[in-house]
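Before we start, here is the structure in question, set down as structure tokens.
All chains are identified by letter, namely A, B and C, in their written order; residue positions are counted from 1 within each chain.
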Amino acid sequence: MTQAPSSGGILIEGLRKVYGQGDTAVEALKNVNMTVGPGEVVGLVGPSGSGKSTLLKCLGAIIEPTSGRMTLGNELIYDNGWTTSDLRALRRDRIGFVFQAPYLIPFLDVTDNVALLPMLAGVPNAEARRRALELLTALDVAHRAKAEPSQLSGGEQQRVSIARALANRPPVILADEPTAPLDSERALAVMRILNQMAQQAQTAIIVVTHDEKIIPTFKRIYHIRDGQTVEEAGEGRALL
Amino acid sequence: MKRNPLLIRRLALGVLALALLGALAFVALRTGPLAPTRVTVAAVQQGRLSPAIFGIGTVEARRSWMIGPTVAGRVLSVKVDVGDTVQAGQLLAEMDPVDLDQRLAALDAALARTASTQAAAQAQVADATARRALAAVNAKRNQDLAAQNFISAGALEARLQEKASADAALQAAQANLSGAGQDVMRQRAERAALAQQRGNVRLLAPADGVVTSRDAEAGSTVVAGQPVLRLVDPASLWVRLRVDQGRSAGLATGLKASIVLRSQPRTPLAGQVARVELLADSVTEERIAQVTFDAAAPASVGELAEVTLQLPETPTALLLHNASIQRQQGQAGVWRLDGGKPVFAPVQLGAYSLDGQVQVLNGVKAGDEVVVYSQKALRAGSRVQVVDALVKGQSGPAGATP
Amino acid sequence: MISLAGRDIAHSWGKFVLTGLGLGLLIGVTLTMAGVYRGMVDDAQALLTNSRADLWVVQKDTQGPYAESSSLKDDVVRSVRGMPGVAQAANVTYFTMQVSNDDGGETRAMVVGIEPDGPGAPGYLVAGRQLTRSHYEAVADIKAGFALGQRIRIRRHDYRVVGLTQRMVSSGGDPMVFIALKDAQEAQFLKDNDAIVNDRTRTANNPAFNRPGVPGLLDAVQALQTSSRNVNAVLVQLAPGFEAEQVAEPIRRWKHLAVFTRAGMEEILVAKLIATSAKQIGMFLAILAVVSAAIVAFIIYTMTLGKIREIAVLKLIGTRNRTIAGMILQQALGLGLIGFVVGKVAATVWAPVFPKYVLLLTQDALTGLGATLLICALASTLAIRAALNVDPATAIG
């Protein structure tokens, strides 16, 4: 049973995505229902080919679903059609992305990598950099603020990319296999940070993963198979 | 805290960019059309000039002769060859006398004949004298007889007539004699004339000299006036000098000359101007002068020579280098530097020397700085930059070649 | 907002600078080619300006004396002097020939026969002095490589170099050597000794000229054959207050000569003489422009492709297409700017080394700058298209 969150968070109702037409049509998402509250960190687990990448792309306003409803925070962004014309601004301001690889811009230093999104949103450079430094401090990479991405270790880069996702204070963060290349200690560290940030900023975080190391940390998990989701309560193992 | 490598890099790039822009500015201002023109200057100074006149000429012989016959004829023999030195009166060549000798012989015979005729006339005179004497005596006797009436009047008249006839006969004989004498003289004169002609076929040297050309050989036919030989007096060589009319001021006889023969370019010979011709060459716009050598010169007739005539030194005046002289619309002037900018100052020029100095009569003052050499043509107000020399090694007009 | 293009350039500056250097040399070559053309036109202008003449009087129906050969009698100048509006008129001969110096080397030069102080004589020197003697002195241009005091040989005579000039060249770029008019007439029109002896023999064998009854006839005829009374042109300077055409027209009509004003001579030299070379240079410039455009396009495209992952990420996280396109365009323009500066400096440095005169004008540089930036902008469109077509979804799995 779905329940609309009081404020923030994600609500997906009856999302459907069909690729192609006619005989070659493929129904990647059949009837997806998800809800994530602000401050929640939810796992999205499923085998490859189950449609989780498609779901992520729909959530990230990268591809257009075929039908359904999506609400981001208080804003209905999709109702059988995009409700806003500027998807880019949506991605920039309302959604944060954390990728498998850090994908930092190599020719910007760490601070500017994080401050880029606010700057693109029109925030003055000094203010954007200040905000970036705050985030970097919170993520304990402030000592690398002036370094180039190539000089950082893998874990440091990942933390910087998380900071970048948070820089514009989006209500939602989509993380795509963020712990795949990491060992268990580092993976748990990343999950710890995500949970901290979610709490602090009341951000709703969806983590797509099939990493066995972190699945136990989720309180709620959505399993997706053949384009359908099933909610399940997770272990909710504590991270300290 | 370690320095931010990014900052260093940015700094380095900035410096590089500035350097590049600086180079651009440098080339734009220094070498392009915006750059100032480089010039050298010299101050106008007082000085004296030694002007000179320069011209080229050919060596000619002052005295030369063409030896040839006065009537057409055939050359019998030529006795001398090119290069021979001959004395005055020496036999150089002979023409063929043809029939002159025979005609002389004929005249000789005629002369003898007239002598004979004269002798005959002489005898006739003697004969007539004798008859006259007889007739006179007879007439006297008969007159005496007639006075005594011993003979008739008719007989006396006959005797008187005989006397008159005898007188007349004597006169006739005497006239005959003088006629014969004149005949003799006439024949003699004719013979002398023919002998003169006979002498003419011998061509003699009119003066000492050297044979320069042998134009006809024995057996060739020449007409009157055509030379068989040409003679030259080697001591009379001089240079026929041609001087541009526009640059011949001061040309006068007596000027000392320095002659450089084409065959001896390194040893100038001394000479002096012997004559300035009254007739100049209007086609080539040159004046002609004759310059003699002071000492006998080993030159060939027709050889080219360069002659420099030294004129007297001018009084002290303002001097300029002739590279400073510009001409605008026919007016001569110089570029005078006035406050660092060139100004065209018209000048009036006077004498000039062969090493490039020119007198200035008016237009500039002593001490004025005038532009001597410039990289480009100047205009009033051009930007200029004064340097020591425009060409390496040439330090200005002081180093100019004479 | 920071400049993404600036950051990218600063980050991989070595690649950029090297590319800029390469592009710069190409641009330098282009600028130099344009400079060669300008130099040719300037050579023609310099030739006309340095002769200090307002009118050129040449043989009727020719376009001489530079483009065609023209021959006049040297007393024509006297009748031209008398025409109204003529301040100065002087004979002049032009003849391109080999001049040898005393160590055996030969230089190709244009030997100019001048009357000193008249039009045609060099107006300014850089060393030495003007001609003062009427024979056997020469003023040479620096480009010929002669030194003051050196003896050079022109035909039969040795001349001493007494003055040096700069930028006195023929329209073909050959340096000029100024000598007295009479010497030049002899050099141009008098044949070599063998030919003279041959002519003398032919004349002597002709019974019309070799008459025994007229002793001086043969010598007179032979002297006539070896005298040179021709010049190539008469240069005229106008008196103040007279127009060129006003003075030229009576000379054309009454003296039966061809007269050209400065404008006419410029047209002959620039439009006709230089036309073929101008076309060649124009084609070369076009090719160079195309090559430069292709190179810039390739470089920018390659650089963009190398950033395709970052561009996908940027698009994904919400960067506008405009910003990304602007970054690529700025990089292309920056490359063009670096290339242009390098090219301009290089062209200025190596221009004096060229055997022909290379004239680099500011307006050409500005045109080149504009063209470079335009070409770079156009060349970047390929890369921009590629960048805009990137699917941001590729950043995710």
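In this section, contacts are C-beta pairs under 8 Å (C-beta built on N, C-alpha and C of every residue); 3 or more make two chains touch, one makes a residue touch a chain.
Bear in mind that the values here come from a model prediction, so they are computed numbers and not experimental data.
Chains making contact with chain A as well as with chain B: C. The chain closest to the protein's centre is C, with centres computed as averages of CA atoms. Chain centres here are C-alpha means, and the one lying farthest from chain A is B. Rounded to whole angstrom units, the spacing between the C-alpha centres of chain A and chain B is 119. The mean-CA centres of chain A and chain C are about 70 angstrom from one another, to the nearest whole unit. Centres computed as Cα averages put chain B at a distance of 50 Å from chain C. Contact with two or more other chains is made by residues 6 of chain B.
Residue positions 10 of chain C each touch two or more of the other chains.
Taken residue by residue, chain A touches two or more other chains at 148, whereas all remaining positions touch fewer. Residues of chain C that touch chain B in their complex: 10, 13, 17, 49-50, 52, 75, 87-88, 117, 123-130, 132-136, 142, 147-149, 160, 162-164, 166-167, 182, 212-213, 215, 229, 237-240, 338, 341-342, 344-345, 348-349, 360-362. Only residues 1-2, 4, 7-8, 10-12, 309-310, 313-320, 323, 392-393, 395-397 of chain C touch chain A when the two sit together in their complex.
Residues of chain A that touch chain C in their complex: 53, 56-57, 60, 62-63, 88-93, 97, 99-100, 103, 105-108, 112, 116-117, 119-120, 125, 148, 164, 176-177.
Looking at the complex, you find that chain B touches chain C at residues 6, 9-10, 13, 16, 20-21, 23-24, 27-28, 31-34, 54-56, 66, 222-223, 225-227, 243-244, 247, 283-284, 306, 321-323, 325-327, 329-330, 332, 352-356, 372-378, 389-391, 393-394, 397, 400-401.
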